[in-house]
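Across the two complexes that follow, subunit A remains constant while its partner is subunit B and subsequently subunit C.
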Partner chain A sequence: MSLASCNPAVAAVCLLSAAGIAMFCMNPVILALSLCGAVCFSLLCGRAGEGRWHLFVALLFVATALVNPLVSHRGATVLLVVNHTPLTLESLLWGISAAAAVAAALCWFRAFSRLMTGDRLLWLFGRFSPRLSLVLSMAFRFVPLFGRQAKKIRQTQRALGALREDSAAGSFRGSARVFSVLLTWALENGIVTADSMAARGYGSGRRTQFSVFRFRRADGVLLALALLFFAGACIPLACGALDTVYYPRAALPRLTPAALTGYVSYGLLALLPAAAEGWEAIRWKCLRSSI
Partner chain B sequence: MRTIESPRLRRLLRVLLPALVIPALVLGGALVLDEKRQMFTAFAVAVCAVLLFLAGIERRQIGARRMVLSAVMIALCVAGRLIPFFKPVTALTVLTALYLGGEAGFLVGALSALLSNFYFGQGPWTPFQMLAWGLIGLFAGLLARPLKKSRWLLLCYGLLSGVFFSLVMDVWTVLWYNGSFDAGLWLVAMGTALPHTVLYAASNFAFLWMLARPIGEKLERIRIKYGL
Partner chain C sequence: MEVLTVEHLSFTYPQASSPALEDVGFGLAPGEFVTLCGATGSGKSTLLRLLKRELSPRGEQSGRILLCGEPADSLPPRQAARTVGFVMQQPEQQLVTDRVWHELAFGLENLGLPRELIARRVAETAGYFGIADWYDREVDTLSGGQKQLLCLAAAVAMQPALLLLDEPTARLDPIAASAFFDTLRRLNRDLSVTVLLSEHRLEQALPLSDRMLVLEGGRLREDGAPRRVIPRLAGSPALLRAMPAAARMGAALGAAECPLTVREGRKWLGRHCIPPAGGTDSSAAPAVNPDAPAAPAARSSASAPAAAPGACAPAGFSGARRESAALELREVWFRYEKQAPDVLRGLSLTVRQGEIFCVLGGNGSGKTTALGVAAGLLRPYGGGVRVFGRRLRAYPGQSLYRGCLALLPQDVQTVFLRNTVREELADAGTDASALPFDLGRLLDRHPYDLSGGEQQLLALARVLASSPRLLLLDEPTKGLDAGARENLIGILRDLRNAGMTVVAVTHDVDFAALCADRCALFFRGQTVSEGTPEAFFSENRFYTTAASRITRGYFDRVVTVEQAIARCAACLRREAADADD
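Our next item is the complex of A and B:
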């Protein structure tokens, strides 16, 4: 059962819980696990053009890691002194951790936006807020519609000879004219849409929703696992068993049973999306080879 | 469910509830959590503020026409944001707020941030963008009368809102990176974001200068023609 094919609510819980803990915890072990899980997942369900994104994240990682020692001079261990300003080991370590947190969150949210396509997200929102999700889904549909309409208007204006595109000023004026026509059309069209919605009984009763997403047994298993691991990581985090000290001297928290539970649960939580994806790929290979 | 009849009481409640709930969250965050968790508080406040406003809009009976018009303006904002160096979101949000009211302004600002991030990438910055743009719209709606009257005031509002948006996003960048607020890092973030800030402010100014009259006329016409 990969996250792309399971119930949207389950996919959202899996990804947001993994991303959320990594955003609010500066423990280096947790951050390393988070980054590892996120990168594994994005490599497993990767497509073409992924290399550039990973390069961008790597560059951002290096840049954000180096900002902190240049700005903050807290910490007891001085590495070197440049122009009478000390560069400390602790602020470098903090910079690396913060950079890992940022990079991991970027990877998680990229995975989130790739998995939660418009329809899945609207299904999720629509449960809580039918009106807003209706506005959102209409706006979603208007974006390409307006693009097409702008093209039509441009062609008509050109055919009428009203568009002069021989100079920069002329083409700018032409674009402004197309935009103006488009806006009038869009507003009038919106009113017509609204009136026909009202004529068909919009707002006269409770709104029902059509849904293609079902909650299957595999979804239940995945959700239960995610919630279990999330709780297992959250409780030690809330108790302070994972709190890391950076200043004045960096020190990892002691490896108590609570901390160990936190690490193991978070590791499983972070690797859950990648594991689900890998499991699906292996099953697919087996099925194909048995044909 | 019982509804509150008096419009004055309702208006008071609508201002008081966010004004009490959100400071309570901030105080709670400051007292219960330590300094390194300021980011958590900031994030929770942003999410709650956006949800509160949106819930207020959800509860109220907005007509279908106003809803569809908001969707039209959101789509125009998103389509505009897809063009490079072309940042009409603030200008369109402000104009919507002036002619369709502050709530429509909040809706257009917040949802165009949400929707355009489907194209640019969602992230923990989404609630802050939603809040910043939503508030720009809300305040424009509250100040509608003077802003409609004086063009220079409107242009100043555009400039200031560009700067406001950039400052909010820089505060969030620092909180995300550092866990707590740090003035030195904030200066660095503002320095690196300076070209963007200038671009935002200048493009708000330019777009309001160019668009205020034509779009205002169109929105006003729709409003009079259909009696919104």
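Our next item is the complex of A and C:
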């Protein structure tokens, strides 16, 4: 089953644990695994416009990697000297690692924001407080609603000749005017919403929370795997088995059994979302060919 | 036992000199469908809100309200919320949450029901209302009609014994309104939900109703079956104006039991006037008295050619052909986004100076978009737009919106900026005395506290402040009652007679029939027909007025109820004379 169709809590745990470890660790192996997992996942659930995003991430990666050696001159191995400033190998390696960390985090959070749509986030927060969940649900609705109303107001006011957008001051005054109309509209119409809530018994006692998401067995399996891998990566990380030194000389940590467990666990964790996605695709293919 | 009993109910708003409701008493039996009628300000909304405890306005109240035999005040809050469902006018603002399924579950969550029960009720309701297809969607992606259906479904999911609806279809287009009434009727028949509905759009509501209540000045004037009540309203033209066309004809011609629907109207006409001759061929039908007035006085001024518009021709313009065109769209193509489908597909349209031009058409036919293009708010990717013979580009800066063209949007609340009507007019640089209509008694009110019709007039006042020569109106009669509509028609005619050109986009065929000099029908971003209202509506079969549908085959080229009554009266007179001979 893919993350898009599984329980929101499971999807959140999978993505956040993979992203979280990569944010607190500068080990190049972990970062490489993280970036690899994130890019695979994003390619597998790719849609139109994805190419541009990957290009953007690649450019950002290159830029971040190259900026560090230009501004930081720490490190023992000097590669070349430009204008009396040394460019060091360690600084370049640190730059590449940092770039990988940033790119991986971007990819993970993009995947997170795409998977966790309003209603799924809501379900997640609603676990803690039904009231918070309602507030969020209303916010998810009202923000785009206000945006659309503001657009309508702007058109109306333009046709009234009330907006002079030929100067900066004029366009600022115009925006203030639109905002003022919008504010009155929002306050006045909020009354209708409040009435509608009261009419349907809001505030008549403790609320329950209804949702369309369930926790199925496959969700349990996925969650157990994610937690297992997370623990397997976390413990070596906490014990310092994955600590990497960049300065003065870059060196990977020794490949102890602990470090190996960490690498394998994190590798599985980072590839879990992509694997789930791939598994779903393969299963569909099999099902279709058997029809 | 009655679902609702109201005894001697009186209510006065704080600081009001006279009561909003006075000694109102009636009862609703289980499964009854009752329509509440009355002009704006007659106390309809006040009455409905008093019956829903959570929405009761503050004020001085006397008398009793019993729900299922128990005093409404004594019910526990959850039971009170559950027993009475309430649907308001604004589909958009009534929705609370962002998803369709959550909206359906909202009321049930508030009642603290267990999840399994909510799941069952939500599923059942979604199935019954045909919502299952859009169950997962965000409410913002729904149309106005779907939103209002969702509001109804969300209220019904709580399984109320009584459903109160406060002008639920006032903001919907006719198709969506029909769908809403169909659902309401189904609910009433299948589940025996008791319905109390206040409405301007009585054409569809009354045929469904077992009873109608008529409020006048806060008092209950009539209570009974619509067929019997409507003839008793013959003395009050203001109330009668809101009734279905068939009923107005029946009442004016002295029917003891009014016909309510087009079908009944035709049947009644068949019995009392000349039977239709030769099927649908209308040319064979008019064996009508040739002396009968061709059109009542109300129309004759409207059908006269435009008053001399020479004075408002743009300076420095010469060109005989275009001199009379106030607005000209030629082969206009428009789409909102690169990937989106075309909304206007080669639209061509010419509006002459000094006429009222009505554009009709279904949802998504491009009416509103055409107005946006004409007003220079949307830029077409093909074709040309000329206002008074000049391209839009030839109007530098704001000059198009200063003294040339003005647009009154559909949502008039996007116009209001100030806290009182007086400030609003001052902001526009005008004052009440300069207007062709009277806002004098509203000057110190907040724009949002005005009724729909009054808001429309205030917005019109703001728009007229720039003294435009071309006025574009988007759905000007949406949410207006019959009186406010009549008033607006009078104002538009006066403006037209003073030389202004008016283009109105509307769903309201009766408005177009009464007001327009010419009408056009849009379909898929093009004009498919165009003509004077008489020709236009008598040629249309579906997209036409009820009066035209009733009289089709009996009388020729009848479009408004007044025309129909005049022709019938002449015909009845002749029959009476024949009988005397």
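Convention: the second predicted complex is superposed on the first by the 248 of 291 C-alpha atoms of A that agree within 3 Å, B and C clash if a C-alpha of one lies under 4 Å from a C-alpha of the other, contacts with A are read in each partner's own complex, and residues count from 1 in each chain.
Definition applied: a residue touches a chain if its C-beta (ideal position, glycine included) is under 8 Å from a C-beta of that chain, and two chains touch if they have at least 3 such contacts.
These numbers were taken from a predicted model, which means no experiment stands behind them.
Q: Return first, second, both or neither, reflecting whether A:Pro257 touches subunit B, subunit C, both chains, or no partner chain.
A: A:Pro257: touches no partner chain.
Q: Who does A:Ser180 touch here: subunit B (first), subunit C (second), both, or neither?
A: Touch status of A:Ser180: both partners.
Q: Please indicate which partner A:Ala98 is in contact with in the superposed arrangement: first for subunit B, second for subunit C, both, or neither.
A: The first partner, subunit B, only.
Q: Is A:Ser113 touching the first partner subunit B, the second partner subunit C, both, or neither of them?
A: first
Q: Just subunit B (first), just subunit C (second), both, or neither: which does A:Ser204 touch?
A: Once the two structures are laid over each other on A, A:Ser204 reaches subunit C alone.
Q: Between subunit B (first) and subunit C (second), which does A:Gly51 come into contact with in this model arrangement: first, second, both, or neither?
A: Neither partner.
Q: Shared contact residues on subunit A, subunit B side and subunit C side combined as an intersection?
A: 118, 134, 138, 140, 145, 180, 184, 188-190, 193, 195, 197-198, 202-203
Q: Name, in rising order, each residue of subunit A that touches subunit B in their complex.
A: Interface residues on the subunit A side: 23-24, 26, 64, 67-68, 71-72, 98, 101-102, 105-106, 109-110, 112-113, 118, 129, 131-132, 134-136, 138-140, 142-143, 145-147, 176, 180, 183-184, 186-191, 193-195, 197-198, 202-203.
Q: Within their complex, state which residues of subunit A touch subunit C.
A: Touch list, subunit A to subunit C: 118-119, 122, 130, 134, 137-138, 140-141, 144-145, 148-149, 152-153, 155-161, 164, 166, 177, 180-181, 184-185, 188-190, 192-193, 195-210, 212.
Q: In their complex, what parts of subunit B are in touch with subunit A?
A: Checking each residue of subunit B against subunit A gives 36-37, 39-40, 43, 54-55, 57-58, 61-65, 67-72, 74-76, 78-79, 107, 111-112, 114-115, 117-118, 121-124, 176-179, 182, 184-185, 188, 210, 214-215, 218-219, 222, 226.
Q: Which subunit C residues qualify as touching subunit A in the complex?
A: Residue positions touching the partner: 52, 54-55, 77-78, 81-82, 85-86, 88, 90, 92-99, 101-102, 105-115, 118-119, 122, 136, 138-140, 151, 154-155, 158, 372, 375, 377, 397-398, 401-402, 405-407, 409, 411, 413-417, 428, 448, 462-463, 466.
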